[in-house]
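There are structures below to look over.
Both of the next two complexes hold chain A, though its partner changes from chain B to chain C.
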Partner chain A sequence: MNIVGIAACTAGIAHTYIAREKLVTAAQKAGHSIHIETQGTIGVQDEIPQKLIDQADVAVIAADVKVSGKDRFNHIRIIEIPTEVVIKSPNKFIKKVEELMQKGANA
Partner chain B sequence: MVEQTSGKLFTNLKQHALTAISYLIPVVVSGGFLLAIGSLFGGVTIENIQDPFGFFDTMYTMGGLILGMLPVVIATGIAFSIADKPGIAPGFLVGLVAINMNSGFIGGFVGGYIAGYIAKFLKDKMKVPQWAEGLKPMLLIPFAASLAVGIIMYYVLGTPISILTDALNNYLLGLDTSQKLLFGLIIGILSSVDYGGPINKVVFAFLLSLQSEGINEPMAVLMLASMVTPFGMTMAYFMQKIFGKNIYVRMEVESLKTAFPMGVCMITEGCYPIIFNDLWRCILSTGIGGAIGGAMSMYLGAASPVPHGGLFAMVTMTNPLAWLASLLVGSLATAIVLYVLKKPVALDDIKELTEEDEREIDFEELKIT
Partner chain C sequence: MDILNQEIMAVNLPATTKEEAINTLANLLKEKNYISDVASFEKDIYYRESLGQTGIGNYIAIPHGLSENALKNGVAIGKFSNEIAWETLDGKGVRIVCLFCVQAGDGRENDHLKMLAKLAGKLGNDEVVNKILKADTVSELKQAFA
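Moving on to the complex of A and B:
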């Protein structure tokens, strides 16, 4: 799967980046390609290239706050989740995403 | 859209508050530092710009101006989070109304939600003829939403909120010694058991509202309680050196090297690798440390006019040494409890979380569109 997404937390200095790292590690371990953009208090970093957005199968938004640029993902399924959950259970979360995409494909 | 359950509604409300707080933090921190450093060097408010003024007077005045605007920042942030751009005008207005009515931070907080939802409602439901489409975001929504929320504040909600704010402040200012200890203890526990998570942030929002009324002692408690975790865990590391019972594996010792400096800046998250390896023992020990440190800091009357910054915020504090002492005592308590509770391990034991250790995720927690 090609995953793109955004991570953002309240203070925007720690959870944001931990969530990104956990997601990237878990997704790569499961054999997916992933690009996560961070929207910390410093602003947008690692912005997702348009090419990846076009190719993506699913968008993952791990955020406790409002994120900007959600409309970039209008063509694909968007899954939103608090940062806390992906930090605690990144691998299980990726599993859930896989399940959901399976279901979506069959439906 | 699927029908929203009450749980989802709460999540949304919380997200709007957190978004506003994320905008608020840099504003409060910069304003607090300006005010505190200005006041440290004898700055006073510039009342009349024609009179001569000094450098530190400008700092003090700038800080005061910003901190006086907090109801506006929180109201605009919440309304923007709910309704996007159309929320900004009514949010800004309702914040100013809250200041005008002395209903303070709570007024801005409540008003921000009302402003945001009115603007969102208009945005979604208002039907106008084609020729007026351009007027809708420019004039109709901001004007109607501002007017509506302003009237609600002036005639309905503003006065009760002002009375409530006053009552709360008077109550907190009049706490006797045992009540202070208890209050510090509770704030200390709540701020230290979920490591910067949702409980901590809810407490943070409440304490910000107190801070905007000039009650700064509780925020000092929260800051200390957030720092007890990295400080206590580091102290526990030195205990293992002294007493010979090994409680950390190599990976955990490594993470302490970054966790401690982060802790100095009041960021707890560096301790995550240690916390998640042994969640309940960590929560218990940091909770106890936060409780003891918090009670002590309240009792000694340490107060912080800025809500973030860790040790660097000490320059701005009242009774900074009392605060530091409370932090160290609380951290020591955390260290002792953690050291006693944790099972001995060998330094090279591999302890990594596997997928089986992770918490189950419910589909309910995901929002899918």
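Moving on to the complex of A and C:
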């Protein structure tokens, strides 16, 4: 799968970046391509290139606050989740994404 | 990583409660001139604590907050001799506390904050976490993040 997404937490200092690291590691381990943008106190980092958005199968938003630019994912399925969940069980979460995408069920 | 300063890192710290642990590290930050006042800095830390769990699992906690009281950005890292009860994602206690000290205000384009973000990201890496858990000295603790 080609996954794109955003990580953002309450303070925008730490959880955002831990969530990004966990998501990227878990997705790559499962054989997926992934690009996660962070929206923290320092602003946007690792902004998702348009090309990856066009190619993406699914968007994952790991956030505890409102993120900006969600409309970029209007053409694909969006899965939203609190940062705590991806920090706690990143592999389980990626598996869940796989299942959801296989089922093709609508959110 | 430049953001890591061994002066605000310590191992074999005694503490039985979360409050003691935070207080120990806040005092260390005060001693090294990272903050101007322990009590008001702690208030900002506990405000963030009230918003959600900072125990990220694997015996690590990352209390943090934006504080008007912070004179510079940094992270105090303490390894405690015994497990401390903490609100954590995996229900375990905490042995390593990374207390983020971040200046309030417009943080955009701030190099220190970018380094802190990078450091936080490393805490999401299992290999780094294993090294941190094994570290017995301050220098090993710093090396774990390299």
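Definition applied: the second predicted complex is superposed on the first by the 104 of 107 C-alpha atoms of A that agree within 3 Å, B and C clash if a C-alpha of one lies under 4 Å from a C-alpha of the other, contacts with A are read in each partner's own complex, and residues count from 1 in each chain.
Quick note on the criterion: contacts are C-beta pairs under 8 Å (C-beta built on N, C-alpha and C of every residue); 3 or more make two chains touch, one makes a residue touch a chain.
Values in this document were obtained by computation on a predicted structure and should not be read as measured data.
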*Quick one: chain B and chain C on chain A, clash or fit?*
clash
_Is A:Asp64 touching anything from chain B or chain C once the two structures are fitted on A? First, second, both or neither._
both
*Touching A:Leu100 in the superposition: chain B (first), chain C (second), both, neither?*
first
_I'd like to know which partner A:Thr25 touches here: chain B for first, chain C for second, both or neither._
second
*Mind working out whether A:Thr41 is in touch with chain B, chain C, both or neither, as first, second, both or neither?*
both
*Superposition-derived comparison: chain B or chain C, residues of chain A touched*: B
*Have a look at where A:Ile81 lands relative to chain B and chain C in the superposition and call it first, second, both or neither.*
first
_According to the stated criteria, A:Ala14 is in contact with first (chain B), second (chain C), both, or neither; which is it?_
both
*Taking the options 110-118, 146-154 or 272-280, which segment of chain B carries the C-alpha atoms that clash with chain C in the overlay?*
272-280
*Under the contact definition given at the top, report the residues of chain A touching chain B in one complex and chain C in the other.*
10-11, 13-15, 18, 41, 64, 84, 87-88
*For chain B, which residues are in contact with chain A within the complex?*
11, 15-16, 18-19, 21-22, 25-26, 80-81, 196-198, 201, 262, 267-270, 272, 276, 308, 355, 358-361, 363, 365-369
*Going by the contact rule at the top, pick out the chain A residues touching chain C in the complex.*
10-11, 13-22, 25, 38, 40-43, 45, 64, 84, 87-88
_Show me the residue ranges of chain A that touch chain B in the complex, using the header's touch definition._
9-15, 18, 41, 64-66, 77-82, 84-85, 87-93, 96, 100
*Could you please specify the touching residues of chain C with respect to chain A in the complex?*
48, 51-53, 56-57, 62, 64-66, 89-90, 100, 102, 107-110, 113-114, 116-118, 120-126
